[in-house]
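As written, the chains take the letters A, B, C and D, and residue 1 is the first residue of each chain.
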Amino acid sequence: MAQAIDMLETHPRSLNTDAGLLASAIDALAECASTCTQCADACLAENDVAPLVECIRLNLDCADICEATSRVVARQAGSNPDVVRAQLQACIEACRACGDECERHGMHMEHCRICAESCRRCEEACRQLLVAMA
Amino acid sequence: MAQAIDMLETHPRSLNTDAGLLASAIDALAECASTCTQCADACLAENDVAPLVECIRLNLDCADICEATSRVVARQAGSNPDVVRAQLQACIEACRACGDECERHGMHMEHCRICAESCRRCEEACRQLLVAMA
Amino acid sequence: MAQAIDMLETHPRSLNTDAGLLASAIDALAECASTCTQCADACLAENDVAPLVECIRLNLDCADICEATSRVVARQAGSNPDVVRAQLQACIEACRACGDECERHGMHMEHCRICAESCRRCEEACRQLLVAMA
Amino acid sequence: MAQAIDMLETHPRSLNTDAGLLASAIDALAECASTCTQCADACLAENDVAPLVECIRLNLDCADICEATSRVVARQAGSNPDVVRAQLQACIEACRACGDECERHGMHMEHCRICAESCRRCEEACRQLLVAMA
């Protein structure tokens, strides 16, 4: 996804934040949303779903929140900074909660291990963007 | 949408929060998301789009955030309360910013006036749910 | 949600389709999306999740497709009619599949019975809009 | 996004389709959704928005449809094949319409040129997946 940075560089308005951090966040958010959607589906396909119910719920929350955050962040040219910051904070919370839960199952389930890594990367990218916006 | 409350009452797990407040929030979030999507489209169809660009962006942000919040809130049975709270806070921020912007155009544009009211109702419903969860 | 029809009537451009049918579809789509999200969560909270895995997947598909359709339909003023039609067809398919699956569990689970009804209403509203657009 | 293929390979159920085609579609859909969201925002930031109104609408439609399609496709393990196919068809239609419109502005606006390419790649990835599922 070299797309995100190319799109930022051809945007008619100058950026409020560092283009590299912004593009990294857009990419990490899109990846985390996809990975969480796939992880929820993989959890649903396991023989014993019961111990994974909480993981599925957090995967679904995290996918929904990452997608909304990715769209809000992509509309960087003029959105209200308070809205962007509050949404980034919610996303950091969602990635942390989902990453923690996936990590618990990561030893037994490879899809959870990969998903936990995606969540950590996304949490970190959101955090860096939030700091840069402050 | 008497649906939301019926669905909550047939949910196999007992609720963590008041069913009435939860159902009101789910309904207000769905309505606000639709209204903001329609307001963005109506703004785009006005003869002079330039003064409405910021309104369109906030409409789009608010629609995306309301939809994500509505899904997170609907998964009430077990989601992480920190995630729900942070997402409700982001939604309150988005509804406030969009409601303020729509209100400025509400005297000249009826769709913005109606949308501002939807945002106020949704902000209030989210605030009440957040207080009840504390 | 008298909102949808009010918003259509204050839209600066004249509608391509009957406002009543359009508003009914927007409302039915929003309701079906919420109900499917709630039904997936209720299914996940049942003691025996295994026989509900397919129902959960279809609930999630139907919620995602209804939300996208609702947004596409709400941008009625100028969107490409081929896109609107194809998306309505996909939504009819999703509502039918999810309605059928929920109906199978409806005798034992009230949330699936209510959700099946939401899917039927939404399928019918989309079908009527599709016919009116032809 | 090597994530998508890794997630597919660790999924507990065997795939119904070629993992490479599926992962390519998931990646192309995520990229196209982000690019269309960014293109809509860049169009809104241009000095003369009026000639871009239709492009913005199609960008928003395409982003919404790509995201829904990406989620439906990611739940590959058991979803109803008729639903997947109908949604892929709607997505092909959306990518074609948005790609055509962006192409018209591509000579003057770099963000539209890049977005048109994203739409073409996504249309092609969906088409290949649809053929492989038939």
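Criterion: a contact is a pair of C-beta atoms (placed from the backbone, for glycine too) under 8 Å apart; a residue touches a chain by one contact, two chains touch by 3 or more.
All values reported here derive from a predicted model rather than from experimental measurement.
A turn of 180° superposes the CA atoms of subunit C on those of subunit D, with the angle given to the nearest 5. Taking A-D and A-B together, the chain pair joined by more C-beta contacts is A-D.
Between subunit A and subunit B the centroid-to-centroid distance comes to 21 Å (mean Cα coordinates, whole Å).
One inter-chain figure worth recording: subunit A and subunit C are separated by 27 Å, centre to centre, where each centre is the mean of the chain's CA atoms. Along subunit D, residues 41, 44-45, 53, 57, 60, 67, 71, 75, 77-78 each make contact with two or more other chains. Looking at the complex, you find that subunit A touches subunit B at residues 53-54, 57-58, 60-61, 64-65, 67-68, 71-72, 75, 77-80, 82-83, 86-87, 89-90, 93-94, 97.
Only residues 40-41, 44-45, 49-50, 53, 56-57, 60 of subunit B touch subunit D when the two sit together in their complex. Contacts from subunit B toward subunit C in the complex involve residues 1, 3-4, 6-8, 10-13, 26, 30-31, 33-35, 37-39, 41-42, 44-47, 63, 67, 70-71, 74-78, 109-111, 114-115, 118.
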